[in-house]
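Going in written order, the chains are labelled A, B, C and D, and every chain counts its residues from 1.
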Amino acid sequence: MTKGRLEAFSDGVIAILITIMVLELKVPHGADWATLLSLKDKFLSYALSFVFLGIYWNNHHHLLQATKIVDGRVLWANLHLLFWLSLVSFATGWMGENHFAPRPVALYGVVLLLSGVAYFILSRVLIAAHGTDSHLGQALGKDTKGIVSLVLYAIAIPVAFSLPLASAALYVAVAVMWLIPDRRIEKTMAP
Amino acid sequence: MTKGRLEAFSDGVIAILITIMVLELKVPHGADWATLLSLKDKFLSYALSFVFLGIYWNNHHHLLQATKIVDGRVLWANLHLLFWLSLVSFATGWMGENHFAPRPVALYGVVLLLSGVAYFILSRVLIAAHGTDSHLGQALGKDTKGIVSLVLYAIAIPVAFSLPLASAALYVAVAVMWLIPDRRIEKTMAP
Amino acid sequence: MTKGRLEAFSDGVIAILITIMVLELKVPHGADWATLLSLKDKFLSYALSFVFLGIYWNNHHHLLQATKIVDGRVLWANLHLLFWLSLVSFATGWMGENHFAPRPVALYGVVLLLSGVAYFILSRVLIAAHGTDSHLGQALGKDTKGIVSLVLYAIAIPVAFSLPLASAALYVAVAVMWLIPDRRIEKTMAP
Amino acid sequence: MTKGRLEAFSDGVIAILITIMVLELKVPHGADWATLLSLKDKFLSYALSFVFLGIYWNNHHHLLQATKIVDGRVLWANLHLLFWLSLVSFATGWMGENHFAPRPVALYGVVLLLSGVAYFILSRVLIAAHGTDSHLGQALGKDTKGIVSLVLYAIAIPVAFSLPLASAALYVAVAVMWLIPDRRIEKTMAP
């Protein structure tokens, strides 16, 4: 029951976040291609963030699949993750509005980094609740991909100030790395 | 469980998309009929897109009803569909704002076409996961309506540049074709 | 399953509609009471529409509780209802923005009337699917309240042109009538 | 069934409320830090309201976990709570927009107070439905935290007119008090 509502609430919030980002693509007044093309950077930012939120939904789903115990700490660690994810839409809008200018690209990385840290905290809180010998503990075990992502974000943020596009390329690289579906939990869970 | 969350997440996203489109109907300042009538094209665009998203929800529902296996590829094919559907709201706004001008009508067709292709990909990924001999494989089998829709969109897009209203009429024709409820899966599933 | 998704989707859409209306209460720039008071009519419109959508959610809930069969016609009758409900937010905004001017108050009544008609159609489609001898058929039977509401809306619309506040009072009267919980189905269903 | 839909609808509304607040963080045009810093007060208001809505979701969840009977009065007491919560987003925006000016801070307290009262009413309606000897009645029993919160809001509102930041500090204190997870029901329910 508790787990069901946690999943439903998280799905609801992520579904809304992934959807309201499109409201930043404000409908322009002209009807020519030049007007449409002026939205290119906003569109690319939107597409990238759509993929990131899709990855979080996907991973969150896998994480909770292996979860059995949900207590107050899990609920708050989960809300903490949703808080940082809720700022992705703002950071996306700022980055697109300013055509990948250095500071907005750096801020985007900061939001991704803090979301990644929040996800890490959530997974540790879950392991603490289940025990490291549990299925969940073994399945999450090392979480190499998660740590690599955090390192890449931490590199991308300072890089953004001199080479914002290189920084954006790093974000794309992280997204691509995750698009390869996460089979860690599935494998360990298989009989 | 996995299928349940996939359905719930997709329902959530489609419910939000179908609803936030109404935000494009910005409340005007005057209180006379002329002010209201100036929103006519936005309203018609909204009504058309509401029907299209309703059709997608309906078909998605039928598709998943026959689904048993949900893996990473299915999750991403589904997110890919939701991505293009999320752009319907923008294309609707642009088309209504510009009173069915050629380029916005063409773009609307492009978004419908890409949504249709994404739906086609999702159904093929599902068939690949279940096998062509499965209930799902047999039920979806030819998907004549789906292919006819794609062909009509592909015709409507170039037509939009010279005859945008003819193009819009084609979109309406596709919608009407789908409003006749899809009994393919229901039939094959019947005992 | 089908009924579950229909309920979930309808709940989702109504939850979004009831919530995005608050976005029409645009945050004003001044920090004094006069600024806040200038939003009074928007607030009253919002509160009224919140109650109406609450009533629809409540009644929809009772209606589906007694439902066993969900087919294509039910799905579309339900989407038709959601379409008109989705316009409540626009009509609310227009009415509040123009301080209960005649035409916006009339339009608000038109949207309520069409929502009421759509609800009536949905209930008839459900009765047709279940048979008039079914629990559902007997429970809905006469639907006096529903018919009284439609009559009051039909009176309120022309009245709005000369006495908009009298018209608004009629809407409030309908809302109050429904706030008394609908025990028809519960009673008939009781053992 | 009824309880499930009540939970799902409430979760949906709270998920939307907690998410659309971020839309008040309007994307600014400049790309420098000064532009970003000008949003500081909006961000702090957003974070505080995110925590408050999270607390309500959390408590609502605990409350309904112990609930067995859902009737018309419960549905309306719940909608009444959601109504006041829906105004948190407006009050947050006004407070952030005006950099914690006296009146907006007072209004924020009024909305929190009315939400708190609505929650109190909901819990009393639930106890009335279940009986004071029920698990729910015993578990909620005194509700010290709830009463302390109401008292602190009632103090914070007049204080806001002379010392708005002291008032805001009181809101933070209430939030911190609730962040300590509510184990009352869990304890009583434990075997």
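Simple rule for what comes next: a residue touches a chain if its C-beta (ideal position, glycine included) is under 8 Å from a C-beta of that chain, and two chains touch if they have at least 3 such contacts.
Computed from a predicted structure; not experimentally measured.
> Return the chains shared as contacts by chain C and chain D, ordered by label.
Both-contact set = empty.
> How would you label the chain A and chain D contact, same or different, if same means the shared numbers make up over half of all numbers there?
different
> Of all chains present, which has the mean Cα position farthest from that of chain B?
Comparing chain centres, D lies farthest from chain B.
> Could you tell me the distance, in whole angstrom, between the mean C-alpha positions of chain B and chain D?
37
> Could you grab the centroid distance between chain B and chain C? Build each centroid from C-alpha atoms only and quote it in angstrom.
So the centroids are 26 Å from each other.
> Can you list the chain C residues in contact with two or more other chains?
In chain C, residues 8, 12, 16, 20, 23 touch at least two other chains, as defined above.
> Taking the touch definition from the header, please name the shape of the chain graph: line, ring, star, complete or other.
ring
> Which residues of chain D touch chain C in the complex?
For this pair, the touching residues of chain D are 1-2, 5, 8-9, 12-13, 16-17, 20, 23-24, 71-73, 75-76, 79, 82-83, 86-87, 89-90, 93-94, 97-98, 101-104, 107.
> If you look only at chain D, which of its residues touch chain A in the complex?
Within the complex, chain D touches chain A at residues 7-8, 11-12, 14-16, 18-20, 22-23, 25, 27-33, 36, 47, 50, 54, 57-58, 61, 65, 179, 181-183.
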